Structure formats: C-alpha cells, structure tokens
Amino acid sequence: MDLIIKNLPILIVITPLMFSLIVAVLPNQRHSWFLTNLASLLTLFFSILLGIEVSEKNLISYHLGNWPPPLGIEYIVDKVSIIPIFIIAVISCLASSFAHNFFTSEVYNNLISKTYSLWLLTIAGLMGLVTTADAFNLFVFLEISSLSAVALVAMGSKVDKKALVAGYNYLILGAIGATFYVIGVGLLYGVSGTLNMSDLSQKIPELGLNKSVIVAFTFMILGIMVKAAIFPLHIWLPNAYAYAPSPVSILLAATATKVAIYILARISFTIFGTSYDIYSFESLRYILLFLSICAMFAGTVMAIFEKDTKKLLAHSSVAQIGYIILGISLVTKAGIASSFIHLINHALIKAGLFMSVVAMSFYTFKRIDATSISGIGRQMPITFFAFIICALSLAGLPLTVGFISKLYLIKAAYMSEGIWLPFLILLSSALSLVYIWKLIEGLWYDVDKNNKLKIKELPEIYIPLLIITFLNIYFGIDAGLIINSSYNAAEALLNGIK
Amino acid sequence: MNNLILKVCTKVLFTPIILFGLYVQFHGDFGPGGGFQAGVIVAAAFILYAMVFGVDKCKIIMPTKLNFFLLVLGAFLYGFVGIVGLILGEPYLSYDLLGSTKQSGQHIGILLVEFGVGLTVCNVMICLFYSFANFKFGSNKND
Amino acid sequence: MMFLAILFSISVCFLLILIRLIAGKTTYDRILAANSIGTIVVLAISIHGFYMGRPEFIDISIVYALINFIGTVAVLKLFDKGKLGDK
Amino acid sequence: MSNEFYIYLCILTPLLAFFLTPFLNKTPNFRDILGPIGGLISFYCSIKIASLFLDGEELGFVFFQISESLSISFNINGLGVIFGLVASGLWILASIYTIGYMRGNKEKNQTRFFTFYSIAIFAAICIAYSGNLLTLFIFYEVLTFSTYPLVAHKQNNEARKAGRLYMGILVGTSIIFLLPAIVIVWVLTGNLDFTEGGLLKGYISMEYAPFLLALFAFGIGKAALMPFHKWLPAAMVAPTPVSALLHAVAVVKAGVFSMLVVITYVFGIDFLTETNASVWLIWVSSITLLLSSCIAISKDDLKARLAYSTISQLSYIVLGGAIATNIAVQGAAMHIVMHAVGKITLFFAAGAIYVATHLSKISDLNGLGKSMPLTFLAFFIGSLSIIGVPPMGGSWSKFYLMLGSVEKQYLFIIAVLCISTLLNVYYLLEVPAKAFFLEKKSNVQVTKHPLTTYPTFFAALLTIILFVYIEPLKEITNLIVGIGK
Amino acid sequence: MIDSIINYSSIASLILGILFILIGSIGILRLPDVFSRIHASGMIDTAGTAFIILGMCLQSGISLITAKLIFIGIFIFFTSPITGHVTANLARKKGLKPITNNKGKTL
Amino acid sequence: MINEIFGVWNYWIVFTLMMIGLYIVISKKSLLKKVVGLAIFQTSVFLLYITFGKIAGGTAPIITNNSEEIYSNPLPHVLILTAIVVGVATTALGLALIVRINKAYGSINEDEISAVDLVDYHEKFSEKKNK
Amino acid sequence: MINFKSIILFFLLLGFWLLMSGHYSILITSLGIISCALCVYLTIKANILDNEMLPLYFFPRLLQYTLWLIKEILISNIETAKVILFKTEDPELFTVKSSQASNEGKVTYANSITLTPGTVTTQINENVFEVHALTKSFGDDVRSSQMDKMVSWLEKGK
C-alpha cells in the first residue's frame, strides 16, 4: 500500500498503458472488455487515492527514474491537475462499462480488441498529459493521446465511412498543432536550456524581453488551441466526435478537449505566469477573449442548423469550449475558477447527453437525425429522462450543474469586463435553447415515424447514464465541492503570476 | 518482381541483414546503435523478403498475429522493466536495482529496454508494411 | 584537412548527380541517380567519421547502405507493380 | 411546535397527496378525498402562518445550501401569505369541484390528473413561501412542468399542440429572460434573498434598472404580459378544472405574484419610484389590458373569452406593481385574491355548464338561466366582482388601484381603468344576460352534477364575504408595503 | 617509414577513388540514356567505392573499423549489380529502348 | 563569422522547410501529399532541435574513451529521436487512414471524397422522399 | 531441419558476429550465439536455405574467381572512364548465351557482367542474356565469353 501511495502519479499513467498492451493481444473480446474495465477502475481508484493525497499535501512531485529535475522528468499532481485526472478517470470508467455492445456493433470484429487497447492508450496519454511537468514529455503524451484518439475515431468506419475522413482531418490538424507546440518548446529550450515547467518559469523572466520567448509562447498556445478546438481551429472536432464509435464520442467529448484546455492554462500560467508583466500578455488575452466569444456564437449557430444529433452536440461543445476559454482569458481568480467549474460540469453534461443519444441510436444502428428519427424518447423513457436532465443542465437550469457554471462565469465576466460580456454570454446561452428545444421536440414530440423498429431500453447503459444524470443534479445542488476545488485550482495557477 | 537475380540475391542477403540488426541491437550502448536502428534493420530484411517473394510468403515466417504479439511484447517489456524498479521500491524507470551493482543494473535495464524498443520498432515496421503492401496507387487525381 | 578536401570533392559529385536527379527525363534515370547518391553518401558518412576522428560512424553508413538498397528495390517494385505487396 | 412546522406541513401536504394518489388508483373514492382533506390541512396551516405573520413573527428556514450564497430557502412575506392562502384555500374548492367535473364528464386517466394537480398545488405553495429568487424560479418551473400533462390531458393532437405552445412560451421566456435576470441580480448583489425595501438598491445604476425589470416582466411568462400571452388561450383545451387551476389559482397567480415579489422585494417600491424604471411597464400593461379586453369581446367561446379576460385582469395586477406606490401595490396584492375568487367562480360556472349541457359557445347558452339558475347567478356575481361593483370583493382592489394612480397623478391610467371596466361589463354580463333574458334555442339536455354546482355557488358567495371581511387582507397588504410596522 | 608509405598510398587511393566517383558522376550527367548511365553509376559503385574504402582501411590499420569498412565494400559490391540490373530490366520491361547504332539487332 | 552565418542559415532552412510543409498540407488536394507535407513540416522541427543541440566544435554524444572530448548536448538528440518516433507514428497512421479511405471511397482526392459524400447524402435524401 | 548447410551457416554467421563485435564479454557473446541461432532458424523457416542462398561448392574456387573479377572490374573501369571523358559512346544491345547450369551460376555470371562497368545485363531468359554495352569493344569482350567460361569454371568447383 505504501508502495502504491508513493508511486501514485505514475500509476495512473502506467496502469492504463500496460493494460492497453495486454488487452491488445487478447483473442477474446469479452476478456478485453473486462480488462479495460478493470484498468479503468484501477485508474479511478488510484485517482481517488491521489485526490486524498493532494488534499493533504497540496503538491506531489514524482521523479522518474530517480533523476531529479530539471534533468530528469518530473511528474506533478497538484490541486489543478487533480481536476482533469478525476474527469478522465470517472468518464473512462463509466463509458467503458457499457462499451461492449456498442463496439460489437459499430467496430469491425477483428478490431475490437485493438479498439479497447487504443481506448486505454488514450486514457494513459491523457493522464500523462495532465501529470507531466516536462514540456517535451507533454508533447509525447499529447501525441500518444491524440494519435490513439484518431485511430479510435476511424474505428467508426463500419457504420459510416466518413469516420475515416474525420479521423484523417483530426490527425492532420492535430499533428500540426502538436508540431507547433513542439516548435515552441524547442525555442524555449534554445533560450533557457531547460524543459522542466517550473524551471522554465524561473528562467524565462531572467532572460528579460526576448523575442524567442514571445515566438515560443505564440507557437505553444497556437498548437494547444488546435487541440483544444478553440474557434476557428475547431473544424476537426464536429466530424471526429460525430463519426467515432459511440463510447468513443463520449470519452472524447468529455475528456480530450478538457485536458487540452487544462494544458493551455498550465502553459499560460505556470510557464509564462512569472513573465506575465515583462511581456504584457494582456493584449494576447483579448485575442483569446475574442475567439472565445466567436466560438460561443459560431458553435451555437452551427448546432442550430445541424441535423445529425451527435454532430449537433459536437457543435455545442465548440460553443461550450468558448465559455471555458472565456473564463481563462479573464485572468482573474474568479474567471479561472469559473472556467474550471465549467470544465468539470461540461464534462458531466456532455457525457450524459452523448450517452443518452448513443443509447437511443443503438437499435437503429445509425445516427439519430434530429428530425427523421423522432418520438424515440417515448420508446425509451428512462434514457429520455436522463437526456432531458442533461439537456436542461446544458441550458443552465437551476439545480443542475449547468446553472452553477453559468452563474460563476457570468459573475467573473461582469467583475472584470462589465456588463457587455455577461450580456453576450446570456445571449449565446439563450440561442443555445433553440437547439436544445429542437432536440427535445424531435425526440419526444414528433409522431413516431420509426415505430416499425423494435426499440427497447438498453439496460447496461442505465447505471452509468443514471450516475451521470445523478451527478448532474447532485453537483447542481451541492456545488460546494466543485466550486471549492476550482477556486483552489485557480489560486494554485495564479500563484505563478507575480 | 519476378526477377531471378533479385530472388537469389535476396536469399543471400536476408540472413546477414538480420544478424547485423541483432548485432546493432546488442551493441547499442557501445556505438551509435540501439534498439531503434536495430529494429529498422531487422524489419528491412523482412520487408525485402516480402517485396521479392510476396507478402504471403513473408507471413509464413512472420504471421500477422505473431507480428502484433511481438509488437506489443516489446512495448510491454519496455514498460515492465520500469515497473520492476517500481515494485522494488524505486521510482518508475529506475533500473538501479536490476543488477548486483548500480552500474550493472543500469546496463541490464538499458539492454532490456533497448530490446523492447527494437522488438517494437521492428514489428511496427513489418506491421506497417503488411498494411500498406497492397495499397494500389490507382488512377487517382492527385491534385 | 585531406578528409575535408575529399568531402568537398564528394559534395561536388553529389551536386553533379543531383542535377541528373532533378533533370531526370525518365523515372529510371532518377532512381539510378538516387541510388548513386546513396552510395556516395555512404562513403561520405564514413569519411566524415574519419574527419571527425570518430570512425564509429561507419555503423551508420552500413545502415545507410542497407536502406539505400532496400529503398531502391522498393521504388523499383512500386513502379513495376504499382504496389509493394504481391510478387 | 415550532413555527417552521406549519410551513413544512403546508408544503408537504400536497406533496404527500402527490405521492399517495398513484397508489390509490384502484379506490377512486379514497383517491379523490385526498384533495379536499389536503386542502383543508394546507389551508389551516396557511391561516396559521398568516396569523403568525400578522403577529410579527419571523418565519423561514434554509432548506439547503447549494454554495455559499446560493440556497433553497423559504421565508414568509406578506405577498406570500396572501398567495399561500389563495392557493391552499381554493385547492379545497377546486378539488371538490374537480371530482364532480371529472366524474360527470367521465374523463380518462383521472389518477394521473389528480397526481399532477397535487404537484401543481405543491409548486404554487412553494412559490408563495419561497425565500429567494432561486427557490421561486425552481418551483416556477416545477409548476410549468407539472401542469403540462394537465394541459395536454386529452392527448389528442389539439391538446398536444396546445401543450407545446404552453411549454414553449413558459419555459422559453423563463429561461431566456427570467433566469438571466436572476443571474444578473446575483452577480450584482451576490445574494438572491427577498429583502424588504428592495434587494437591488444601491447595486444597479438607473439606466440599467428598466432593462432588468423588463427581463423580469417578460421572463415571468405566467403573468401573460403581451406579447407572451398566447399560451393562456391555447391552454383552454384542458379540462375546465385545469383552466380554473391555471387561471385562477396556481399558474397565472404564480406569475403575477412573482411579478409583485420582484417589484416589492427585489427592486423595492421606493427604488422604482425614484428611478421611474417601471414607467414603460405601465404602458405595456395598459396596452395588454385594453387589447385583451377587446379580443375577449370578439370571442364566442366562453372559455376563450374568460381566458382573455384573465389576461386583462392580470395586467391590472402588473399595472398596480408598475405604478409602484404603496396603495397601488396594495391594490395589486388584493386583486390577486379578488380576481382569484372571482375568476374561479366564472370558470366553475363555465365547467358546470359544460358538464350539464356540453355547450361551450356563448351564443348557444340563450335561455339556460331557468334550468341552471344557481350556476348563472354565481356567474353573475363573479362577473360583478371582477367588474368591480360593490358589494363584491373586486371593488376593493379596483378602488385601491384607482387611488394609486390618482396619487401618482397618472390620469390616463384612470381613463384606461374606466374604459376597461366598461368593456368588462360588456363581455362578462353578456353571458348571464343571454341566459336569463333570451329565448331557449332548442332542446338542450341538462344533466347537472351537484359537486359542480355547489362549489360554484360557494365561490360566488366568497366574493361577497371578501367585500365585508376585508380587514385582515388590508393588514397584510399594509405589512407588504411596510405600513404599520 | 612504413607509416608514411601507408599514409601516402592511402591518400593516393582516396584521390583515385574520388577521381572515379567524379568521372562516374560526369558520366551519369553526360551519357545519353539510362542504360548508358548505369555504366557510369557502376563506376562509382565499384572502383570509386573500392578505392575510397581501401584508402580508409589503410588509414585505420588492422582493426574493427577495417572489418566494417570491408563489410560495407562487400555489401555495396553485392547490391550494386542488383539495383543496376533491376533498373535496366524494368526499363526494358516497360518498353524503354536504348539508343544504339545496331537498331536491327534490338530485341 | 562563419558560425554566425551558419546559425542563421540553419534557421532559414528550418523556416523554409516549415513553410513548404505547411503549404503542401494546406494547398494539396491529395491526402497522400498532405501527409508528405506534414512529414516535411515535422522534419523542419527536428532540424530546429538539432540546431539548438549543436555546440560549436562538439562531436556526436557517443561516449568514447577520450574524456576530454566536447560533446554536443545529447538531450536534443534524445528529444528528436522521440519526436521522430512520434512523426513516424503520425505518418503511419495517416497512411493507414489513406489506405482505408482509398478502399472506401475509391479515391484519395479531397474534392472527390467530398463529392462522394455529397452524392451519398442526396441518395439518402431522395430515398426518404420516395418512401 | 538441421542439416550440414545450416550448421555451416551458423558458424559463418558466428564468425561474422565475432569479427564485428569487438566486445567479448560472456553476456554479449552468448547473445551473439543466440542471435546466430535465431538467424539460422529464420532462414530455415523462410525456406531459403538452399544452394542458391549458400552455394558452398563455389567456395574452393571463389577466391581465384574474385581476384580475376577484380582485375576485370579495374580494367573495365578505366575503359569506361576513358569513354566518358574522351570518347563518344557507341552503345549496343545484344544477346549472349550463358553456359551455367544452376541459377546461382547464372546469377553470378549476370552480376559479374553488370559489375564490370561498360556492360549491363538487362534481361535474363533461361540461358539467354540480353546485355547492354557502352561501346562495341565492351560488347566484344562479353561476346568472347571469357567471363562465361570463368563462371562455369567456378560453378564446377563441386
């Protein structure tokens, strides 16, 4: 036990990693599924232990291979990174628990074991991404996670060949993003001679005003912006989410971009936080603010005109990412906290929405078209109930997590920008009601055109779906935990800025 | 390519290339070698064989399943060596405890890790070749 | 200094063949030129090792020779069959 | 027993009824008696709460804390006392009447109907006693969702369409306008609690106040301010007891109640007077008032006419709030009660007529007065109350509203009130006049159900009683505006 | 004495090698078609490589390096005719006709 | 002097490669060429790292017996090696996808693929209408 | 299927390993033995361990032939250099017959032709080779079939 606690930061990475290797060669798909679940559960268990550790120690630093930083690679878990760690662990656990039937029907038979393997590899990549404190190591994990995610997306080609093209575009853009990031890291390394994040944050101010640092910062941020699907670099996202196999959609929607946003915050505040004054990044943050506002509206408008349900949700994700980035771009404690609140909450919301939509589309074996497959909610009342709750949460109704996010985001926006920003936020969230209403109306009101299909509830998805729904409500009622941890995270991040 | 010279010469080259690959593999820490290059060299032998005699024949020596298994095994070895350190109470990727002394521990660790890398790289290359071998460039418009 | 001079001369040869590689005319010309460049590079790497006083570089030139050969065969095969797979 | 107990009991009784009703599906008698009993308990508690409030006791508790400054809490204020009394009191009458209506009409799915009826009452009482905007909003939405199955009860295409419009407008306005308004209040003040004298004072600048008020006014779609009034006539497809519930007891009253709460406890009357933030609302409500009266005249369907009458009457209440003087607000608060009792009388009568004759067109009612004298008499009395003729309760509220506008020297409001009163006279009194004085058209079968007639008549009597027994109500309204403390 | 002899012969060998490579390169550039150019390329692979490697072998004496150099030489000797032949073979197979003066004899 | 020019030239080459790579990715319609462009783009980064790692007069960081040897900084090389692996993986995955796309669509041209998608969409739509 | 050939192959490989290794620790050497065994195993499994791969019967005369070939290569290199630098080429394409019986013999002959600059084997049809020569004199050299005889001599070493 002591051994486990000592090695927690690496355990959450290597557990899924090693399991992914074992799973890849298993001949029996059920066994693969079982091991995937086991790995996810173990990871969750380690994450919980880590959460307890972090609440006591504030910061856990782990040195790979006993080489002390800045020479060796350091893994750090603090009050900021514990948030994405939890998101990844929980979502992976929930989504993998019901994945088997979906993969059996949506993925070519000979690829199912490999799909599980890639799933765990994605988890490992994301976990590594969150924990590593080495700027280059981060790049490696960035690529591990996004390459395996690309492969996962492409697995959806049995249902629709568009998955291949979606995966391809994701790959190309993602690779460009990652390369941009690594260019930035290279430039920083060139001027500072170190790759360790905290070491970088100390050495960059010593350089004074340096053009390389500015270029590096720009490259890194641009690269991560692609990964985080920040408008207008989001074009890969809707198709990738929509055409991926269903459980993958859930996993990606809830974790991948969130982690990228976390990295964005890490880079801006941990690495460059100390040199904030030197370079007066204020002007840059207005660009981010502008983009996030664009994302809010562009995503919403695209979602309004979208027919395919999964794609609609993906477009809505683009808009929601806009909200999250908006909070970060305020560079205040309240702003960052609000963006972390929404980071968590949106993961819960989107996971729930995707899960219910996916459950509804299972028997039809195709994507739900918001207009053509209608009245499906009547045939699957429990799933529909969960869908409604999550949709209301997305709309920001009180007693759901969506309300808390919106509340704190608007407060933060008002506190630093005055009335116009809350106005824009409210306007875009009002617009978002259009597509939410469209979905609900399509799924519930429209007369059943598909009553020939035998659509039943999917029992195995009940528990994860209801858990997510419950969490959506529970954290809407007892918001203290999320709010406090987000404020802690914001404080920890802003400690970097002097 | 149904070419007598190519066939006969491939037969001759196949074995030495593999041996050379293994040589590079196990002399990694003395020269500019290592698992990465070794893997590529060994894979090159297989790829040459597959190009000249056909992928199907190559799959007799290196079946797809074995290929994938070895690929995973290599990666697993890489990770597992790290875990051994972890189980022995050291941080991940510290090989000090693998041998009797710190030096030999490091040496054995690196040897094993390099072997894992080589195995993986080699099999990844072969795997890639298998999957791309039958990709026919049709009359696609390319721009 | 001698090795530097040799390296320099090799570069000249390299450039000469490069002209053929670019000018080409037929694909086979280009393949041939590329193969010859490969051979030259193999030699250049070895000589560079001697120039740097680090003859261990020879291992690299062996690998390069190998890759050069297999690459040429692969390209030829590709132009023959359109794919690498079958006989 | 602690004072909070009464609030709990008052709220939990309809909730208990909600949970029990589905289990009593097999025994309709037990199921149906739950309503009146529950109503009695709740009404008793409401009276107790009212008397405690009049004694100056502080009543309220935090149900739970969401985050530091957000909570679900209940707190008693004057407006709440009035609305609580109305909701629980009329529940008794309505439930008795409903039994008669449902059985007389042999409606299907009665259990479901009663289930959602109870939850609607529960939501209404929670709204009445809510202690902050968040609680109010939540139960406002609960009310919307719980009344949806009631509106779409018949489950035919027409009902579904109406239900869609009903949900669309009420949920849409509440999320698009009301919720942002609440968020803005929280952002500005960091607090959502209803505060005497106004919460926003000192937190919002003059130029933004009207906009915030507009968000509230249009966000509270249940107040049926034009142009968000369409749901009300559309919801008329529902069975008459539902209409009664919607128009008289729960839904629209919840709307105007919320409006008044926002005006008195969030903005504060003094603040509105100082900033003139509500002047535009006077205009909007006046226009709504006149227009809907005109539309009412053009409607031949009795329930549709009553619906437009309701829209117009709601605007009286909003107008009272918008005038924002003590007396006008008092008048508005009184009008909640008066209109509730008056309108429930009219709806009960309309339902009774429908149960007896299956007629719903006014032009078909000629000469029915002789066969249903009590019902039409009740309709007549209810109409007089709504028109504002003494000795009916409605005269008090109209009087106060007039006084308020005089005090503010808004003469055109007086003119509006006068014109609308004339229109009221025309479109309401036409019904009993036709029933009593015109020839009976053809053979109309009249089969009365006693449980529909007597509650109707009792409700009519109540309008008269309220005229005489106005003192407690006055005291409570004094406390609302802070007189006599 | 021996050392300097070895050194000079090594230099001579290297220069010879370079000469052959240079001539081969010129041949590749100058000769009219792919079949003729293969001959020039063959010069680089044989004489050029051989002399250069010989020069380097003389430089390093009897050592591991020499063994490896010889290995490279053998490898290039072995593969050069293969690629040359296969290139020519493919060109013929695809119908490319060499420029010749004995047109009648062309197969 | 030479050193300075050389250093600057390195950056120019990196920059040129980068631009060529990006240009190919953006402008070419062939999915295959895009992957090639991406590979060029990534190669430019390797070159950038090498430039940083190079110490004037230093030799390759392979340990010899001569302890006074000046080695170039080995870390960038390790990093490049990792980056190359990542680059190879990216290219491989891209190619694998192209193979499958070619199988599914019969083309690897962006425009043709979207044309196929469009045709599919219309067929689906007209099917619905006919029903 | 461990036969004489495979054992010979093993020792050849081992010799190669030991020659190249330079590190003779127990670990590395045993790894070398394992590696050589693995190579032999793969060769057997690939089904290529035959006379074409390892023409053992060439060995007795191999050295002599190699020396002769090197001489030939040198001469033709100089000739080719002359052609490239000073003379105009006069290419010709012609066929010759080869007299070797085995594939490995033919391949050796064809490769020897190609390896000597100035001549390239372009096609092989059973025992008819198509050869491209840079000038007529190169062609005459091949047609004189001196090399053919040498290879056949090498082949008859068994």
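Order as written gives the chain letters A, B, C, D, E, F and G; numbering starts at 1 within each chain.
Just so it is clear, a residue touches a chain if its C-beta (ideal position, glycine included) is under 8 Å from a C-beta of that chain, and two chains touch if they have at least 3 such contacts.
Because the structure is predicted, anything quoted here is derived from the model rather than measured.
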Leaving out subunit A, the still-touching groups: B, C, E, F, G | D
| item | value |
| --- | --- |
| Shortest contact path, subunit D to subunit G, counted in steps | 3 |
| Reference subunit B; chain at largest CA-centroid distance | D |
| Intercentroid distance (Cα basis), subunit E paired with subunit C, Å | 12 |
| Separation of mean Cα positions, subunit D and subunit A [Å, integer] | 46 |
| Separation of mean Cα positions, subunit E and subunit A [Å, integer] | 58 |
| Between subunit E and subunit G, centroid-to-centroid distance (C-alpha), Å | 15 |
| For subunit A, residues contacting two or more additional chains | none |
| Shared-contact residues (touching 2 or more other chains) in subunit E | 24, 26, 38, 68, 71, 79-82, 84-86, 88-91, 93 |
| Residues of subunit F touching at least two other chains | 60, 62, 98 |
| Residue ranges of subunit B in contact with subunit A within the complex | 68-69, 72-73, 75-76, 79-80, 82-83, 85-87, 89-96 |
| Residues of subunit A defined as touching subunit D within the complex | 395-399, 403-404, 406-407, 410-411, 414-415, 419, 422, 426, 429-430, 433, 437, 441, 445, 476-480, 483 |
| Touch list for subunit B against partner subunit C, complex | 1-2, 6, 17, 20, 24, 31-33, 37, 40-41, 44, 47-48, 50-56, 129, 132-137 |
| Residues of subunit B that touch subunit G when the two form their complex | 4-5, 7-12, 14-16, 18-20, 22-23, 26-27, 30, 49, 57, 60-61 |
| Residues of subunit A that touch subunit B when the two form their complex | 3, 7, 10, 14, 17-18, 21-22, 24-25, 62-66 |
